[in-house]
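Common to both upcoming complexes is chain A, partnered first by chain B, then by chain C.
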Partner chain A sequence: MTEVSIEKLTKDYGQGPAVNSISIRIAEGEFISLLGPSGCGKTTTLKMIAGFEDATEGAIRFDGRDVVHVPVEKRDIGMVFQNYALFPHMTVEKNLAFGLEMRKTPKDEIRTRIARVLDMVQLTGYSERYPRQLSGGQQQRVALARALVIEPKILLLDEPLANLDAKLREEMRVFIRDLQRRVGITTVYVTHDQAEAMTMSDRVVVMFGGRIAQIGTPSDIYERPANLEVAEFVGQVNIVRGKVGNRIVSTAFGDIPVSGDHAAGTELMLALRPEAVELLPVSSGADGVPAKVLSSYYSGSLVDYRLELAGGATVSVQTFPRTRFADGDQVLVHAPADRFWPLGSAA
Partner chain B sequence: MNVPAKKRFGPLLLIAPAALLIGVFLVLPYLNIVLMSFRMPGQGTPYGPGFTFGNYGKFFSDFFYISQVINTLWIGFLTTFICLVLGYPVAWQLARGASAFRAVGYALVLSPLLVGIVIRSYGWTILLGNNGIINRTLTGWGIIDGPLPLMYNALGIIIALVHVFLPFMILPIMSAIQGIDPSLEAAARSLGASKVTSFRRITLPLSLPGIQAGCILVFVLSLSAYVTPSLIGGLRVKTMAVTVVDALIDTFQWPFGSALALMLSVTGAIIVVIFGRLTVMKWKA
Partner chain C sequence: MSKPFFTVYCLIIYAFLLAPIAVVVIASFNAGAFLTFPPQGLSFRWYVVFFNNEVFMRAIRTSLWIAALTMVISGIIGTMAAMFYVTHAGKLKETVRVAMLAPLLLPEVLTAISLLFFVYSVGLGTQNLVGMIVGHVLITLPFVFINVSASMESYDPAWSLAAQSLGAGRFTRFRRIMLPLIKPGVIGGCLFAFIISFDVFTISFMLKGVGMSTLPIQLFDYLRTNFTPEAAAVSTCSIMLTMAVVIVSEKVLGLRIHRF
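Moving on, here comes the complex of A and B:
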């Protein structure tokens, strides 16, 4: 198992840095996702770790050894590409044998290792097939097997699920995560899909414009976003503005206690996730802010409401569809004070 | 079968113009050549009355003609091989090289086709002749004592044929390489293959369809080339195509000329089929 340490890594193609001095320490066996919109530098970072792109500055260490000047083929990485990149002129077996042949593994060991990895990805019996004779999900698993069979130091995945349909994508998430845990390999996973990053990773690195916006566990990122950009990129969020008082912020939902130094009198933004809010009928007489239902969208497990508060501000709320409200209904909005998260001063 | 007439005849209707063209201008003339090859030689006429196997008998009994077919095939093989060796790197550069090079490279590759075949062949005689530019320059510099035999031999024919047929090798290989996903090479590298190994194990085998197409094109074109071999080979080296025309026009033996032409076509076709069998790609759908 390998610990990967990225230090002040920069890539500049000549039009300003695509990756701007980022540092990440990845523990042995850790599953890390690089998450961000396209052009945020996540793929460039992965390519630098793999060795397909030269770093303009900075270091990449595998177990303390700087690999920046080591060519791709000597870095001992396993990589899964977005389009799988299976060799179309080779059978599954030949695809899997390729990396082992490069390592001059003895023939009988190649055979046993291929059999083992095929079993691992549940494709025993497919070794004589050509890639075109496999479904997308099967090709995906062969690509994974090909990267793992060489028992590399680290596993790199570049949006591997982007070409699969929704149902298969969810299955593969679980599959890849389970496999990675069993093998215990240090893994870097690039994706623009926040749900993918959240469900699979030990930690998520959120990137914008070549910089790291936040590194944290999925719950850190979701519940305690570092800033407005992160909060908005990872799931839906309501931004509630309020005036800072003495360790409180006065908002449409009442006074919310906040910790930390926020200058009194400034305007502060608070994040409030739509599912953190409870909707109650006015008749309940419960503690809540009155609001009117503008619209609602039923999606089976959840209902999405757009509400207008008495002050004119709108909020999105997600609830279980046990009690349904119709458009135009008056409701009470109950948002627990501890579900607000300060994002910083409003610009 | 309850397929409506419209649906049944639709596809036929679409094929009809091409089928008509091929039928009238290719199949019928070919049948005519086959028929002609069995006719009796005439006295003062292109052919005489009645039919015979004699024309083929003459071909197989005279080693001169068989050796000429072998010569022609050799020129075809060598031209094809040299085109492949010279053309592949160019095709690779055009497919994968810097975009600045690509536009210029493409124009350069096509340039031999922009000059008429007669002019191009005469151009080569100016270069290759005993008193030609190459020999005069080399003699002038004192590198050689007498002129090198560059013309009126197979070498001259091959040089000129390679020049014309290079684009037919380069273009199919180029499009085959362009069709190869670059991430395949990246995958090979990630698995531990050097750049050279990844080319040898991935890019080269995947460009085989282009190599196959290019080789067949160049080989067939070389066998049937007439103007270049007749101008550069002169009277001393004759390819089969030249001999066929000699028989048809100079000695006025239409039946024998037809037999010769068919023997060349048949040997060429057999070689192309064998080549296709040898280079069959199991991985392709």
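Moving on, here comes the complex of A and C:
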């Protein structure tokens, strides 16, 4: 198992940095996702860790040893590509043997290791097939097996689920995560899909414009986003504005206590996730802000509401569909004070 | 176009293409002393004459040698050029393509004359085969380039990257991954190079040394003073040889070429 440390890593193609002095410490056996929109530098970062791109500045250390000048083929990485990149002229077995042959592994050991890895990815019996005879999901698993069979220091995955259909994608998320836990390999996973990053990772690195916006556990990222951009990128969010008073913010939902230094009198933005909000009928007489239902979308497990508060602001709310409200209904909106998260001063 | 009409149309085109060859082949079995059609009686007489004609045999050997060397050199340079063109040329892509195809666009006789000047100005002269092979490589290069770059277009660069991530160095990546996958284009290009080199007249004529000759030149020389069916026998052998190269490579390599 390998600890990976990225220090002040920068890549500049000549038109300003694509990756701007990022530092990440990845613990042994940790699953880290690089999450961000296209062009945020996540793929460039992965390519630098793999060695396909030279770093303009900074260091990449595997267990303390700087590998920046080690060529890809000597770096001992396992890489899974977006389109799998299985060798089309080789059977599954030959694809898996390739990396071991490069390492001059003895023939019988190659055979036993291939059998073991095929069992691990549940493809025993497929060794004589050619990649084109396999489904997308099977090709994906062969690609994983090919990267793992060489027992590399680190596993790198570049949007490996992007070409699969939705149902298979969810299965593969769980599959990859379980496999990674069992093998215990340090893993870097690149994706633009926040749900993927959240469900699979120990920690998520959110990147925008070549910089790291936040590093944290999935719940950190979702519940305590570092700024507006992160809050909006990982899931839906309501932005509630309010005036800062003495350790409180006055909003349409009442006075919300906030910690930290916020100059009194300034306007502050608070994040409120749609599922943190409760909707109650007016007749309940409960504590809540009156609002009118503008629209609602039923999606089976959840209902999405758009509401207009008495003050004119609109809010998105997600609830379980036990009690349904019709468009135009008057409701009470209850948002617990501890579900608001300060994002910073409003511009 | 209706189906029977289309069939007839195709047959006419094939007849038009193949009739001259058929005439030559049939005329080569002529028992008479002159190249006439239809032949006067059938015989292998002129084949015997041809196989005992040391001048022709030497010309065939020279041609085969040149064609083989041309094929190898052109195959290597053309494949490397195609790899550069597809993966590294970047903004120069169009320029590289036009430059590589230039020998096809220029009249062969102009290329031949310029080459003649060239080999003398660099002191190479025409005493040996080097100048001639340079010329043959030059005009066969576009065919290798076109074939290989066509098969490179369907080559996914990620295959090389994957091999690299698995620990394969530059040469292993080429030999074990890229070459097997672009093999159809390489073999097709090499075959073209061989056949064209075997067949080319103008360049060989300009760049040949004194007393040296390739089969097409020897044939041309022969026909200036003789008009026997031996010429047809030579042509027939040349056609058979070319066909043999194509068929053998299709049969022996062809099946393996297309099987992934």
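Before moving on, here are some points about what is shown:
Throughout what follows, the second predicted complex is superposed on the first by the 347 of 347 C-alpha atoms of A that agree within 3 Å, B and C clash if a C-alpha of one lies under 4 Å from a C-alpha of the other, contacts with A are read in each partner's own complex, and residues count from 1 in each chain.
The rule we apply is simple: contacts are C-beta pairs under 8 Å (C-beta built on N, C-alpha and C of every residue); 3 or more make two chains touch, one makes a residue touch a chain.
Bear in mind that the values here come from a model prediction, so they are computed numbers and not experimental data.
Superposition note: with chain A as the common reference, chain B and chain C are in steric clash.
After overlaying the two complexes on the shared chain, residue contacts for A:52 are found with chain B and with chain C alike.
Once the two complexes are laid over each other on the shared chain, residue contacts for A:98 go to chain B and to chain C alike.
Contacts of A:109 after superposition: neither chain B nor chain C is touched.
Within chain A, the residues touched by chain B in the first complex and by chain C in the second are 50, 52, 72-74, 76-79, 81, 83, 85-89, 98-99, 102-103, 130, 132, 146-147, 150.
Against chain A, the residues of chain C that register as touching in their complex are 156, 158-159, 161-169, 172, 176-177, 180-181, 260. In the complex of the two chains, the chain A residues touching chain B come out as 50-52, 71-74, 76-79, 81-83, 85-90, 98-99, 102-103, 130, 132, 146-147, 150, 156.
On the side of chain A, the complex with chain C involves touching residues 50, 52, 72-74, 76-79, 81, 83, 85-89, 98-99, 102-103, 130, 132, 146-147, 150. On chain B, the positions that touch chain A within their shared complex are 181, 183-184, 186-194, 197, 201-202, 205-206, 281-283, 285.
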